[in-house]
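Order of writing sets the chain letters: A, B and C. Residues in each chain are counted from 1.
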């Protein structure tokens, strides 16, 4: 069921416009190519409207935002919304600075995001208007676990309803909800947290998945989460003694490159609540 | 014949100033080091004149242009031209937005480029004043093939004459012409298109090749194209089951690192028309 | 003795704010994660004060400086100084342009740096007010060698005293001094110079080491230098035929990921003068 979402990316080669941080942008581009999409990057306000017009989706990531790129996010977002494109927000570091929190909140208020994807701290910041983000990594005390799963699912469903978006909270257990249903996903490995940008990569890839599956957007977002986690598992199984996080980064992108819908269906670990 | 062009890079260690996009800049730096050159990056208008003065060549790539870096391109280009440095233009995404098209055309009108390198859509945009660029990748319908090779060679020769530059159009078949002769090159693999930035890498490396070979610039530009394609072949031969585009990226740069002139002469596949 | 400095990084997971160049930023983030630290990147003047406040150290690298990021460096630096955070300066390319030299000198005059790390050309530029930097790589004629070791050690001690900072000069032989003692370090391999950004990576990692070891800052800075060099040795030992600088980059970060204090103690090659 989720596998077809990946197959549709490879069939339709969705072009994704990324306004993303300069830390992980190369990996975002390569994982988009790996999954069958096509990336284009542009953040200059005078450039973004034309660029987003030829794309199917827009991935806005505020990881290394600046005053110029914030303008670019708004102009690109307005144009993408006019064209009914898929719009994804990755609020990197929301809660860690006033500028990041305010920028993410402003974007949410002014743009009809299709998907909002972040860690639990970032999403709580957006949902509750506050947060205790420790840097850009999730505060461990907030982590979704089997102990707090019921309340976490309720929180994500509620925020999805209020924001009129699919909300994806990623961590040891991932939650993806459109407000009605919630995918609870258990793919992935803890070592993925030792690589910079697995979240950014997922946001880019998720945009492509949702563009390629207009009739099943929730499943597409969940499929991207399962694919990323499964790639983390497959990539880890190929690690040799002495390998570390830099090689692991390559192995994960390689695993996406070699994944097809059947493998995703077989490896995806989720339940729907 | 082409191999000596690579040997000259390793002998003279040309310093190349790159104003290039933040997506693929790390790979551009590493491939420049791999081929024997030395990279330096600077795009701030107040910095670029000093930096370009100590270099032998300037590689301008408009992949993630912004208003500030466009100023940097013009100031660096004027200084480099005064000093008779090698000047290369990589018009990434020309045709995909008005800003990109206009910036590339402005740069061409104001600077005496030694080389212009792009895919067929980008080069047609510059040559014909129009284009149907689909994102930053070449439109398949425009691809140079055995069927349209004669007209493609004639087009590239004509544009080289009119622009007073060496023109390199890269794709499944690569064409490199100074307006008189045209190298038709058949190195490379289609999987290279699944890595972000092989074109950007080639532009950086080509700048070093042309700087290191002032008496045979056309051969040097063609040698860089052959070297990149041959590295794509060598790199692919070292791929293991489960490897994908991220590992392939590393393998290609590694192959350049280990290539010498004799290997390039042996592996280069071209004819001159 | 140095090994405990690495163990302390893994125990305390120091959060490091990096204002660094876009060429090597991804590798800086991954090596910080590899050694047990946590990276965050932000260069927007309106963002940096909040971000640096939640961190333990600030790594300022001027590799692709621009007018906006220079403002960010000063604002972040002032806030970090108020909070008595660890402050590191990596003056990439000082001596290669007036803007870089002036920016590095301005930063030194206005901020109480804990550590200044660069190659011999850059450090001489700062110390002597002049330099013959060839691009961003060290001028070979300046290289620290067994022949000029006594005078080089005296120079580094003197500059450390005058700048009230730990000074780290890296090259074939590395020198790290607080003005009283000088670590003379002989780890590493010459092939590390064929990878872009090993110096930038070291600066990021060194910031984490010094943050995690407030009572032995000199030892911590020296430990970071030894760890980087040892990783270069370990990484090289894992290279296969056909591997080159791109794979070597991964192997070095991987080696940091797998290094513990005992291995560092065993592999560190240094004397104290």
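Note that in this section a residue touches a chain if its C-beta (ideal position, glycine included) is under 8 Å from a C-beta of that chain, and two chains touch if they have at least 3 such contacts.
Here's who's who by UniProt: A, B, C = Hydroxyethylthiazole kinase.
What you see is a predicted model, and the numbers here were worked out from it, not measured in a lab.
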Rounded to a multiple of 5, how large is the rotation, in degrees, that superposes the C-alpha trace of chain A (Hydroxyethylthiazole kinase) on chain C (Hydroxyethylthiazole kinase)? 120
Between chain B (Hydroxyethylthiazole kinase) and chain A (Hydroxyethylthiazole kinase), is it the same set of residue numbers doing the touching on each side, over half shared, or a different set? different
CA centre of chain A (Hydroxyethylthiazole kinase) versus CA centre of chain B (Hydroxyethylthiazole kinase): separation in Å? 33
Touching two or more other chains - residue numbers and ranges from chain A (Hydroxyethylthiazole kinase): 22, 26-27, 249-250
Within the complex, chain B (Hydroxyethylthiazole kinase) is touched by chain C (Hydroxyethylthiazole kinase) residues 21-24, 26-27, 63-67, 93, 96-100, 134-137, 194-197, 242-247, 249-250
In their complex, what parts of chain C (Hydroxyethylthiazole kinase) are in touch with chain A (Hydroxyethylthiazole kinase)? 15, 22, 25-27, 29-30, 33-34, 38-44, 46-47, 50-51, 54-55, 68, 234, 238, 249-258
